[in-house]
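In the two complexes below, chain A is the common chain; its partner is chain B in one and chain C in the other.
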Partner chain A sequence: MADKKTLTFALMDPPYENARSTTALRLINIAAKRGYDINVFAYEGSVFLAFAMQKPHPNAMHGRNVEEENHVLTKELVSSLMQEAMRNGGKIDWVNCGLCVDERGAVEAVEGVRRGSPADFLKMAASSDNTLVIGTRG
Partner chain B sequence: MKALNIIETGYRATLEEQDDPGVWLAYTLKAAGADVDVLLRGNAVNYAVKDQDAGGLQYGAWRQTQPPRLAENIASLTSKGMAVFIVSEDLQERGLGGVPLIESLTPVTRNGIARLLGNYDQVWHW
Partner chain C sequence: MANYLFIESRDPYGSNDTQFCCDLAKQLAQQGDAVTVFLVQNGVFPARAGARADELSALAKAGIEILADEFSLRERGIPTDRLTAGVKPAPLDVVIDRLADGCKAIWH
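Moving on to the complex of A and B:
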(Lines of atoms letter the chains of each structure in order from A and count residues from 1; the text may use other names and numbers.)
(Lines give C-alpha, C1' and ligand atoms only; values in the text may rest on other atoms or scores of the structure.)
Protein backbone atom coordinates (compact mmCIF):
# COMPACT_ATOMS: atom_id res chain seq x y z
CA MET A 1 0.00 0.00 0.00
CA ALA A 2 1.69 3.13 -1.26
CA ASP A 3 -0.08 5.46 1.12
CA LYS A 4 0.13 3.17 4.11
CA LYS A 5 0.59 5.24 7.21
CA THR A 6 1.74 4.63 10.72
CA LEU A 7 -0.27 6.38 13.39
CA THR A 8 0.22 6.57 17.11
CA PHE A 9 -2.63 7.08 19.54
CA ALA A 10 -1.98 7.99 23.16
CA LEU A 11 -5.01 7.33 25.33
CA MET A 12 -5.62 8.30 28.92
CA ASP A 13 -9.26 7.75 29.88
CA PRO A 14 -10.60 4.56 31.44
CA PRO A 15 -13.52 2.71 29.89
CA TYR A 16 -17.10 3.34 31.02
CA GLU A 17 -16.41 6.93 32.10
CA ASN A 18 -17.01 9.14 29.07
CA ALA A 19 -17.30 9.09 25.30
CA ARG A 20 -13.64 9.86 24.63
CA SER A 21 -12.60 6.22 24.86
CA THR A 22 -15.46 5.26 22.54
CA THR A 23 -14.34 7.90 20.05
CA ALA A 24 -10.69 6.91 20.33
CA LEU A 25 -11.53 3.32 19.48
CA ARG A 26 -13.69 4.47 16.56
CA LEU A 27 -10.75 6.43 15.14
CA ILE A 28 -8.51 3.41 15.58
CA ASN A 29 -11.17 1.35 13.79
CA ILE A 30 -10.98 3.66 10.77
CA ALA A 31 -7.21 3.36 10.68
CA ALA A 32 -7.46 -0.42 11.02
CA LYS A 33 -9.88 -0.60 8.11
CA ARG A 34 -7.37 1.33 6.00
CA GLY A 35 -4.66 -1.18 6.83
CA TYR A 36 -2.50 1.31 8.66
CA ASP A 37 0.10 0.32 11.19
CA ILE A 38 -1.22 1.56 14.49
CA ASN A 39 0.51 2.16 17.77
CA VAL A 40 -1.44 2.64 20.95
CA PHE A 41 0.12 3.86 24.14
CA ALA A 42 -2.41 3.27 26.89
CA TYR A 43 -1.59 5.60 29.72
CA GLU A 44 -3.18 5.99 33.18
CA GLY A 45 -6.77 4.74 33.32
CA SER A 46 -6.84 3.63 29.70
CA VAL A 47 -4.87 0.51 30.66
CA PHE A 48 -8.26 -0.84 31.73
CA LEU A 49 -9.50 -0.79 28.13
CA ALA A 50 -7.78 -4.11 27.52
CA PHE A 51 -8.22 -5.51 31.03
CA ALA A 52 -8.80 -9.26 30.63
CA MET A 53 -10.89 -9.65 33.78
CA GLN A 54 -13.82 -7.61 32.44
CA LYS A 55 -17.06 -9.56 32.66
CA PRO A 56 -20.50 -8.98 31.13
CA HIS A 57 -23.56 -8.61 33.31
CA PRO A 58 -27.33 -8.81 32.97
CA ASN A 59 -29.42 -5.66 33.19
CA ALA A 60 -32.63 -5.70 35.20
CA MET A 61 -33.70 -2.28 33.95
CA HIS A 62 -33.58 -3.59 30.39
CA GLY A 63 -35.12 -6.88 31.43
CA ARG A 64 -32.34 -8.80 29.72
CA ASN A 65 -30.14 -11.64 30.92
CA VAL A 66 -26.40 -11.60 30.44
CA GLU A 67 -26.56 -13.13 26.97
CA GLU A 68 -29.32 -10.85 25.75
CA GLU A 69 -27.72 -7.73 27.17
CA ASN A 70 -24.45 -8.50 25.36
CA HIS A 71 -22.79 -5.78 27.37
CA VAL A 72 -19.90 -3.89 25.83
CA LEU A 73 -16.56 -5.15 27.06
CA THR A 74 -13.78 -2.91 25.84
CA LYS A 75 -11.30 -5.78 25.98
CA GLU A 76 -13.33 -7.38 23.18
CA LEU A 77 -13.24 -4.14 21.20
CA VAL A 78 -9.46 -4.04 21.52
CA SER A 79 -9.18 -7.63 20.29
CA SER A 80 -11.58 -6.96 17.43
CA LEU A 81 -9.57 -3.93 16.37
CA MET A 82 -6.37 -5.96 16.37
CA GLN A 83 -8.01 -8.58 14.17
CA GLU A 84 -9.41 -5.90 11.86
CA ALA A 85 -5.97 -4.36 11.40
CA MET A 86 -4.44 -7.74 10.58
CA ARG A 87 -7.27 -8.55 8.17
CA ASN A 88 -6.47 -5.39 6.23
CA GLY A 89 -2.71 -5.82 6.17
CA GLY A 90 -1.87 -3.62 9.11
CA LYS A 91 -1.18 -4.21 12.76
CA ILE A 92 -1.75 -2.74 16.17
CA ASP A 93 1.06 -2.51 18.66
CA TRP A 94 -0.79 -1.85 21.92
CA VAL A 95 1.39 -0.93 24.86
CA ASN A 96 0.04 -0.56 28.36
CA CYS A 97 2.06 1.76 30.60
CA GLY A 98 3.56 -0.66 33.12
CA LEU A 99 3.54 1.68 36.10
CA CYS A 100 -0.07 2.61 35.37
CA VAL A 101 -0.92 -1.10 35.29
CA ASP A 102 0.85 -1.78 38.57
CA GLU A 103 -0.74 1.03 40.54
CA ARG A 104 -4.18 -0.11 39.39
CA GLY A 105 -3.64 -3.85 39.59
CA ALA A 106 -4.69 -4.09 35.96
CA VAL A 107 -2.09 -6.72 35.23
CA GLU A 108 -4.07 -9.13 33.06
CA ALA A 109 -4.57 -7.87 29.52
CA VAL A 110 -5.98 -9.51 26.41
CA GLU A 111 -3.66 -11.21 23.95
CA GLY A 112 -1.60 -8.85 21.86
CA VAL A 113 -1.23 -6.19 24.52
CA ARG A 114 2.23 -5.74 25.90
CA ARG A 115 3.67 -3.94 28.88
CA GLY A 116 5.85 -0.93 28.25
CA SER A 117 6.89 2.52 29.34
CA PRO A 118 6.96 6.13 28.14
CA ALA A 119 10.10 5.19 26.23
CA ASP A 120 7.91 3.04 24.01
CA PHE A 121 5.61 5.98 23.43
CA LEU A 122 8.57 8.09 22.35
CA LYS A 123 9.69 5.43 19.89
CA MET A 124 6.18 5.05 18.58
CA ALA A 125 5.73 8.77 18.04
CA ALA A 126 9.13 9.17 16.41
CA SER A 127 8.39 6.41 13.90
CA SER A 128 4.87 7.57 13.06
CA ASP A 129 3.41 9.88 10.45
CA ASN A 130 1.52 11.52 13.22
CA THR A 131 0.42 11.14 16.83
CA LEU A 132 -2.97 11.86 18.34
CA VAL A 133 -3.16 12.36 22.08
CA ILE A 134 -6.62 11.88 23.56
CA GLY A 135 -6.06 12.99 27.10
CA THR A 136 -8.33 13.21 30.09
CA ARG A 137 -10.24 16.47 30.37
CA GLY A 138 -11.98 17.81 33.40
CA MET B 1 -36.42 8.94 53.29
CA LYS B 2 -37.39 10.59 50.04
CA ALA B 3 -34.61 11.39 47.59
CA LEU B 4 -34.35 13.33 44.35
CA ASN B 5 -31.83 11.99 41.87
CA ILE B 6 -30.67 14.86 39.66
CA ILE B 7 -29.08 13.80 36.40
CA GLU B 8 -27.23 16.55 34.57
CA THR B 9 -24.34 14.97 32.66
CA GLY B 10 -25.91 13.53 29.54
CA TYR B 11 -24.47 10.72 27.46
CA ARG B 12 -21.60 9.98 29.76
CA ALA B 13 -20.19 6.74 28.34
CA THR B 14 -23.70 5.60 27.46
CA LEU B 15 -22.52 3.73 24.37
CA GLU B 16 -20.24 1.58 26.49
CA GLU B 17 -22.60 1.26 29.43
CA GLN B 18 -25.64 0.78 27.18
CA ASP B 19 -27.58 3.02 29.55
CA ASP B 20 -26.99 5.95 31.89
CA PRO B 21 -25.64 4.94 35.30
CA GLY B 22 -27.67 7.64 37.06
CA VAL B 23 -30.87 6.42 35.47
CA TRP B 24 -29.94 2.82 36.15
CA LEU B 25 -29.24 3.60 39.81
CA ALA B 26 -32.60 5.28 40.26
CA TYR B 27 -34.37 2.32 38.67
CA THR B 28 -32.47 -0.17 40.81
CA LEU B 29 -33.04 1.71 44.05
CA LYS B 30 -36.73 2.04 43.30
CA ALA B 31 -36.94 -1.68 42.60
CA ALA B 32 -35.34 -2.24 46.02
CA GLY B 33 -38.07 -0.17 47.67
CA ALA B 34 -36.49 3.25 47.82
CA ASP B 35 -38.56 6.41 47.44
CA VAL B 36 -36.71 8.12 44.63
CA ASP B 37 -37.67 10.59 41.93
CA VAL B 38 -35.57 11.96 39.09
CA LEU B 39 -34.87 15.44 37.75
CA LEU B 40 -33.35 15.79 34.28
CA ARG B 41 -31.49 19.00 33.71
CA GLY B 42 -28.66 20.30 31.52
CA ASN B 43 -27.67 18.06 28.63
CA ALA B 44 -29.49 15.14 30.23
CA VAL B 45 -32.84 16.62 29.15
CA ASN B 46 -32.07 15.09 25.75
CA TYR B 47 -32.73 11.68 27.30
CA ALA B 48 -36.45 12.45 27.02
CA VAL B 49 -36.39 12.85 23.22
CA LYS B 50 -38.35 10.04 21.59
CA ASP B 51 -36.61 9.89 18.23
CA GLN B 52 -33.05 9.04 19.13
CA ASP B 53 -31.12 6.10 17.78
CA ALA B 54 -27.65 5.18 18.99
CA GLY B 55 -27.47 1.99 16.97
CA GLY B 56 -24.73 1.07 14.54
CA LEU B 57 -21.61 1.07 16.67
CA GLN B 58 -19.03 -1.27 15.18
CA TYR B 59 -15.37 -2.01 15.75
CA GLY B 60 -13.96 -4.38 13.16
CA ALA B 61 -16.24 -7.41 13.18
CA TRP B 62 -17.70 -6.52 16.58
CA ARG B 63 -21.16 -4.97 16.40
CA GLN B 64 -23.20 -3.55 19.24
CA THR B 65 -26.49 -5.42 19.48
CA GLN B 66 -27.98 -3.52 22.40
CA PRO B 67 -27.33 0.20 21.98
CA PRO B 68 -28.53 2.53 24.71
CA ARG B 69 -32.24 3.35 24.54
CA LEU B 70 -32.35 6.25 26.91
CA ALA B 71 -35.87 7.47 26.23
CA GLU B 72 -37.17 3.97 26.90
CA ASN B 73 -35.15 3.83 30.10
CA ILE B 74 -36.59 7.12 31.29
CA ALA B 75 -40.08 5.88 30.45
CA SER B 76 -39.39 2.78 32.53
CA LEU B 77 -38.81 5.04 35.53
CA THR B 78 -42.23 6.61 35.29
CA SER B 79 -43.82 3.22 34.70
CA LYS B 80 -42.31 2.15 38.02
CA GLY B 81 -44.05 5.02 39.75
CA MET B 82 -41.22 7.49 39.87
CA ALA B 83 -41.82 11.12 39.08
CA VAL B 84 -39.43 12.37 36.41
CA PHE B 85 -39.08 16.12 36.32
CA ILE B 86 -37.47 17.98 33.42
CA VAL B 87 -36.25 21.56 33.34
CA SER B 88 -38.23 23.49 30.72
CA GLU B 89 -35.61 26.15 30.02
CA ASP B 90 -32.94 23.51 29.42
CA LEU B 91 -35.17 21.98 26.75
CA GLN B 92 -35.82 25.36 25.13
CA GLU B 93 -32.15 26.36 25.07
CA ARG B 94 -31.31 23.17 23.20
CA GLY B 95 -34.04 23.61 20.61
CA LEU B 96 -36.06 20.76 22.04
CA GLY B 97 -39.16 22.76 22.85
CA GLY B 98 -41.22 21.35 19.99
CA VAL B 99 -39.58 17.95 19.77
CA PRO B 100 -41.63 14.88 20.70
CA LEU B 101 -40.72 13.75 24.19
CA ILE B 102 -41.69 10.67 26.10
CA GLU B 103 -44.89 11.02 28.06
CA SER B 104 -45.42 11.27 31.79
CA LEU B 105 -42.69 13.84 32.39
CA THR B 106 -43.33 16.69 34.77
CA PRO B 107 -41.96 20.02 33.51
CA VAL B 108 -40.38 22.29 36.07
CA THR B 109 -38.98 25.78 35.57
CA ARG B 110 -35.62 26.82 36.93
CA ASN B 111 -37.42 29.08 39.36
CA GLY B 112 -39.38 26.09 40.57
CA ILE B 113 -36.39 23.88 41.34
CA ALA B 114 -35.78 25.26 44.82
CA ARG B 115 -39.36 24.59 45.80
CA LEU B 116 -39.08 21.08 44.34
CA LEU B 117 -35.94 20.33 46.35
CA GLY B 118 -37.84 21.21 49.49
CA ASN B 119 -40.02 18.16 48.98
CA TYR B 120 -37.10 15.77 49.48
CA ASP B 121 -35.01 14.67 52.45
CA GLN B 122 -31.93 14.21 50.30
CA VAL B 123 -30.81 15.45 46.90
CA TRP B 124 -28.28 13.49 44.87
CA HIS B 125 -26.78 15.49 42.04
CA TRP B 126 -24.90 13.45 39.44
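Moving on to the complex of A and C:
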Protein backbone atom coordinates (compact mmCIF):
# COMPACT_ATOMS: atom_id res chain seq x y z
CA MET A 1 0.00 0.00 0.00
CA ALA A 2 1.71 3.13 -1.26
CA ASP A 3 -0.09 5.51 1.08
CA LYS A 4 0.06 3.33 4.15
CA LYS A 5 0.42 5.44 7.24
CA THR A 6 1.40 4.88 10.82
CA LEU A 7 -0.61 6.72 13.44
CA THR A 8 -0.12 6.79 17.19
CA PHE A 9 -2.87 7.40 19.72
CA ALA A 10 -2.32 8.08 23.39
CA LEU A 11 -5.36 7.33 25.54
CA MET A 12 -5.94 8.06 29.20
CA ASP A 13 -9.59 7.49 30.00
CA PRO A 14 -11.01 4.31 31.52
CA PRO A 15 -13.90 2.58 29.77
CA TYR A 16 -17.56 3.22 30.63
CA GLU A 17 -17.01 6.73 31.94
CA ASN A 18 -17.19 9.22 29.10
CA ALA A 19 -17.43 9.71 25.38
CA ARG A 20 -13.71 10.16 24.86
CA SER A 21 -13.15 6.40 25.00
CA THR A 22 -15.85 5.87 22.39
CA THR A 23 -14.42 8.52 20.09
CA ALA A 24 -10.92 7.10 20.50
CA LEU A 25 -12.09 3.62 19.53
CA ARG A 26 -14.02 5.08 16.58
CA LEU A 27 -10.86 6.81 15.35
CA ILE A 28 -8.79 3.65 15.71
CA ASN A 29 -11.49 1.73 13.86
CA ILE A 30 -11.34 4.13 10.89
CA ALA A 31 -7.55 3.81 10.74
CA ALA A 32 -7.82 0.01 11.04
CA LYS A 33 -10.27 -0.17 8.14
CA ARG A 34 -7.71 1.71 6.02
CA GLY A 35 -5.04 -0.82 6.83
CA TYR A 36 -2.87 1.66 8.65
CA ASP A 37 -0.31 0.62 11.20
CA ILE A 38 -1.60 1.86 14.50
CA ASN A 39 0.16 2.38 17.79
CA VAL A 40 -1.87 2.78 20.95
CA PHE A 41 -0.30 3.84 24.21
CA ALA A 42 -2.82 3.26 26.98
CA TYR A 43 -2.00 5.38 29.98
CA GLU A 44 -3.67 5.76 33.37
CA GLY A 45 -7.23 4.39 33.47
CA SER A 46 -7.27 3.47 29.80
CA VAL A 47 -5.31 0.31 30.63
CA PHE A 48 -8.73 -1.10 31.58
CA LEU A 49 -9.93 -0.87 27.97
CA ALA A 50 -8.19 -4.19 27.25
CA PHE A 51 -8.67 -5.72 30.71
CA ALA A 52 -9.28 -9.42 30.15
CA MET A 53 -11.39 -9.93 33.29
CA GLN A 54 -14.27 -7.77 32.03
CA LYS A 55 -17.53 -9.71 32.16
CA PRO A 56 -20.97 -9.08 30.71
CA HIS A 57 -23.75 -8.67 33.24
CA PRO A 58 -27.55 -8.79 33.41
CA ASN A 59 -29.56 -5.69 34.17
CA ALA A 60 -32.03 -6.37 36.96
CA MET A 61 -33.35 -2.81 36.82
CA HIS A 62 -34.55 -3.40 33.28
CA GLY A 63 -35.34 -7.08 33.78
CA ARG A 64 -32.83 -8.21 31.19
CA ASN A 65 -30.60 -11.28 31.39
CA VAL A 66 -27.01 -11.35 30.17
CA GLU A 67 -27.96 -12.18 26.59
CA GLU A 68 -30.69 -9.57 26.45
CA GLU A 69 -28.48 -6.91 27.99
CA ASN A 70 -25.81 -7.65 25.35
CA HIS A 71 -23.34 -5.55 27.26
CA VAL A 72 -20.48 -4.11 25.24
CA LEU A 73 -17.08 -5.10 26.57
CA THR A 74 -14.22 -2.88 25.52
CA LYS A 75 -11.79 -5.81 25.72
CA GLU A 76 -13.76 -7.36 22.85
CA LEU A 77 -13.68 -4.08 20.94
CA VAL A 78 -9.91 -3.94 21.33
CA SER A 79 -9.56 -7.50 20.04
CA SER A 80 -11.87 -6.84 17.11
CA LEU A 81 -9.95 -3.68 16.21
CA MET A 82 -6.75 -5.71 16.10
CA GLN A 83 -8.43 -8.25 13.83
CA GLU A 84 -9.85 -5.50 11.63
CA ALA A 85 -6.40 -3.96 11.19
CA MET A 86 -4.91 -7.34 10.27
CA ARG A 87 -7.71 -8.06 7.78
CA ASN A 88 -6.84 -4.84 5.99
CA GLY A 89 -3.09 -5.33 5.97
CA GLY A 90 -2.26 -3.23 8.99
CA LYS A 91 -1.55 -3.93 12.61
CA ILE A 92 -2.12 -2.51 16.05
CA ASP A 93 0.66 -2.32 18.58
CA TRP A 94 -1.23 -1.76 21.83
CA VAL A 95 0.95 -0.94 24.82
CA ASN A 96 -0.42 -0.65 28.33
CA CYS A 97 1.62 1.52 30.69
CA GLY A 98 3.10 -0.98 33.14
CA LEU A 99 3.02 1.28 36.17
CA CYS A 100 -0.60 2.20 35.46
CA VAL A 101 -1.42 -1.50 35.18
CA ASP A 102 0.27 -2.40 38.45
CA GLU A 103 -1.24 0.34 40.55
CA ARG A 104 -4.70 -0.57 39.27
CA GLY A 105 -4.29 -4.35 39.34
CA ALA A 106 -5.19 -4.50 35.66
CA VAL A 107 -2.55 -7.11 34.89
CA GLU A 108 -4.60 -9.42 32.67
CA ALA A 109 -5.00 -8.04 29.17
CA VAL A 110 -6.41 -9.52 26.00
CA GLU A 111 -4.06 -11.17 23.52
CA GLY A 112 -1.95 -8.75 21.52
CA VAL A 113 -1.61 -6.17 24.26
CA ARG A 114 1.85 -5.73 25.67
CA ARG A 115 3.27 -3.98 28.68
CA GLY A 116 5.49 -0.94 28.31
CA SER A 117 6.35 2.50 29.58
CA PRO A 118 6.13 6.13 28.44
CA ALA A 119 9.44 5.50 26.69
CA ASP A 120 7.48 3.27 24.29
CA PHE A 121 5.14 6.16 23.61
CA LEU A 122 8.11 8.32 22.68
CA LYS A 123 9.37 5.65 20.27
CA MET A 124 5.91 5.24 18.80
CA ALA A 125 5.47 8.95 18.23
CA ALA A 126 8.95 9.30 16.74
CA SER A 127 8.29 6.52 14.24
CA SER A 128 4.76 7.60 13.25
CA ASP A 129 3.39 9.90 10.59
CA ASN A 130 1.33 11.58 13.27
CA THR A 131 0.24 11.32 16.89
CA LEU A 132 -2.98 12.27 18.64
CA VAL A 133 -3.09 12.58 22.40
CA ILE A 134 -6.59 12.26 23.82
CA GLY A 135 -6.05 13.53 27.30
CA THR A 136 -8.26 13.13 30.32
CA ARG A 137 -10.22 16.25 31.01
CA GLY A 138 -8.30 18.44 33.39
CA MET B 1 2.28 27.77 6.71
CA ALA B 2 1.28 24.93 8.98
CA ASN B 3 -1.98 23.00 9.08
CA TYR B 4 -3.72 22.71 12.41
CA LEU B 5 -6.67 20.63 13.50
CA PHE B 6 -8.38 21.46 16.75
CA ILE B 7 -10.67 18.70 17.96
CA GLU B 8 -13.09 20.35 20.36
CA SER B 9 -14.98 17.84 22.50
CA ARG B 10 -16.25 20.33 25.04
CA ASP B 11 -19.12 22.78 24.88
CA PRO B 12 -19.09 26.30 26.31
CA TYR B 13 -22.17 25.59 28.45
CA GLY B 14 -20.50 22.87 30.51
CA SER B 15 -16.86 23.95 30.29
CA ASN B 16 -15.29 27.31 30.96
CA ASP B 17 -12.17 26.70 28.91
CA THR B 18 -13.42 26.44 25.33
CA GLN B 19 -12.53 30.09 24.71
CA PHE B 20 -8.84 29.17 24.92
CA CYS B 21 -9.20 26.80 21.99
CA CYS B 22 -10.99 29.39 19.86
CA ASP B 23 -8.49 32.10 20.72
CA LEU B 24 -5.55 29.91 19.78
CA ALA B 25 -7.24 28.84 16.55
CA LYS B 26 -7.90 32.47 15.61
CA GLN B 27 -4.33 33.52 16.39
CA LEU B 28 -2.93 30.75 14.21
CA ALA B 29 -5.29 31.68 11.37
CA GLN B 30 -4.31 35.34 11.70
CA GLN B 31 -0.64 34.48 11.25
CA GLY B 32 -1.47 32.61 8.05
CA ASP B 33 -1.79 29.01 9.18
CA ALA B 34 -4.59 26.80 7.88
CA VAL B 35 -6.87 25.92 10.76
CA THR B 36 -9.81 23.55 11.06
CA VAL B 37 -11.92 23.15 14.17
CA PHE B 38 -13.63 19.77 14.37
CA LEU B 39 -16.48 19.59 16.87
CA VAL B 40 -17.13 16.21 18.46
CA GLN B 41 -19.12 14.82 21.41
CA ASN B 42 -20.70 17.69 23.40
CA GLY B 43 -18.55 20.05 21.37
CA VAL B 44 -21.32 20.03 18.74
CA PHE B 45 -23.90 21.67 21.03
CA PRO B 46 -23.03 25.27 20.11
CA ALA B 47 -23.36 24.33 16.44
CA ARG B 48 -27.16 24.27 16.76
CA ALA B 49 -28.86 27.08 14.86
CA GLY B 50 -30.12 29.54 17.45
CA ALA B 51 -27.73 28.44 20.18
CA ARG B 52 -25.52 31.05 21.79
CA ALA B 53 -22.41 30.47 19.73
CA ASP B 54 -20.35 33.65 19.74
CA GLU B 55 -17.10 31.68 19.58
CA LEU B 56 -18.12 29.74 16.48
CA SER B 57 -19.24 32.92 14.75
CA ALA B 58 -15.87 34.49 15.50
CA LEU B 59 -14.08 31.44 14.13
CA ALA B 60 -16.11 31.52 10.93
CA LYS B 61 -15.41 35.24 10.51
CA ALA B 62 -11.69 34.48 10.86
CA GLY B 63 -11.94 32.12 7.89
CA ILE B 64 -11.56 28.98 9.96
CA GLU B 65 -13.16 25.80 8.68
CA ILE B 66 -15.61 24.45 11.26
CA LEU B 67 -16.78 20.85 10.99
CA ALA B 68 -19.17 18.94 13.25
CA ASP B 69 -19.03 15.18 13.70
CA GLU B 70 -22.12 13.67 12.07
CA PHE B 71 -22.33 10.86 14.63
CA SER B 72 -22.19 13.28 17.57
CA LEU B 73 -24.91 15.40 15.94
CA ARG B 74 -27.09 12.34 15.39
CA GLU B 75 -26.56 11.14 18.98
CA ARG B 76 -27.82 14.48 20.25
CA GLY B 77 -30.74 14.84 17.86
CA ILE B 78 -29.28 17.82 16.02
CA PRO B 79 -30.33 17.77 12.35
CA THR B 80 -27.57 18.60 9.90
CA ASP B 81 -29.83 21.15 8.22
CA ARG B 82 -30.19 23.05 11.50
CA LEU B 83 -26.59 24.05 12.03
CA THR B 84 -25.45 27.57 12.63
CA ALA B 85 -23.87 29.43 9.71
CA GLY B 86 -20.31 28.41 8.99
CA VAL B 87 -20.55 24.88 10.43
CA LYS B 88 -20.60 21.87 8.13
CA PRO B 89 -21.39 18.26 9.11
CA ALA B 90 -18.52 15.83 8.49
CA PRO B 91 -17.63 12.22 9.25
CA LEU B 92 -15.00 11.43 11.85
CA ASP B 93 -12.89 10.13 8.96
CA VAL B 94 -11.82 13.73 8.41
CA VAL B 95 -9.72 13.53 11.56
CA ILE B 96 -7.89 10.46 10.26
CA ASP B 97 -7.48 12.14 6.86
CA ARG B 98 -5.84 15.15 8.46
CA LEU B 99 -3.65 13.05 10.76
CA ALA B 100 -2.49 11.03 7.76
CA ASP B 101 -1.67 14.28 5.96
CA GLY B 102 0.57 15.36 8.83
CA CYS B 103 -1.73 18.02 10.24
CA LYS B 104 -0.86 19.19 13.74
CA ALA B 105 -3.77 17.88 15.78
CA ILE B 106 -4.76 19.15 19.21
CA TRP B 107 -7.48 17.42 21.22
CA HIS B 108 -9.42 19.54 23.68
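Rule of thumb we're sticking to: the second predicted complex is superposed on the first by the 137 of 138 C-alpha atoms of A that agree within 3 Å, B and C clash if a C-alpha of one lies under 4 Å from a C-alpha of the other, contacts with A are read in each partner's own complex, and residues count from 1 in each chain.
Here is the rule we use: a contact is a pair of C-beta atoms (placed from the backbone, for glycine too) under 8 Å apart; a residue touches a chain by one contact, two chains touch by 3 or more.
Keep in mind it's a predicted model, so treat the numbers as computed, not measured.
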Revision key, fill the gap. Chosen between chain B and chain C, the partner touching more chain A residues is B
Review point. Is A:Gln83 contacted by the first partner chain B, the second partner chain C, both or neither?
Key: first
Check your understanding: After lining up the shared chain so the two structures overlap, which partner does A:Tyr16 touch, if you call chain B first and chain C second: first, second, both or neither?
Key -> first
Practice item. Considering only touches as defined above, state whether A:Ser127 meets chain B (first), chain C (second), both or neither. Key: neither
Check your understanding: Taking the superposition as given, does A:Arg26 touch the first partner, chain B, the second, chain C, both, or neither?
Key -> both
Exercise for review: Based on the superposed arrangement, let me know which partner A:Asn65 touches: chain B (first), chain C (second), both, or neither?
Suggested key: neither
Study note, to complete from the structure: Footprint intersection on chain A (chain B / chain C) at 19, 26
**Study point:** In the complex, chain C residues that touch chain A
**Key:** 7, 9-10, 40-42, 71, 92-93, 95-96, 99-100, 102-103, 105, 107
Study note, to complete from the structure: Interface with chain C, chain A side, in the complex: residues 3, 5, 7, 19-20, 23, 26-27, 30-31, 34, 36, 129-130, 132-135, 137
Check your understanding: Can you list the residues on chain B that touch chain A in the complex?
Key -> 11-19, 23-24, 27-28, 31, 57-62, 64-66, 73, 76
Review point. Contact residues on chain A for chain B in the complex?
Key: 15-19, 21-22, 25-26, 29, 32, 59-62, 64, 68-72, 74, 76-77, 80-81, 83-84, 87
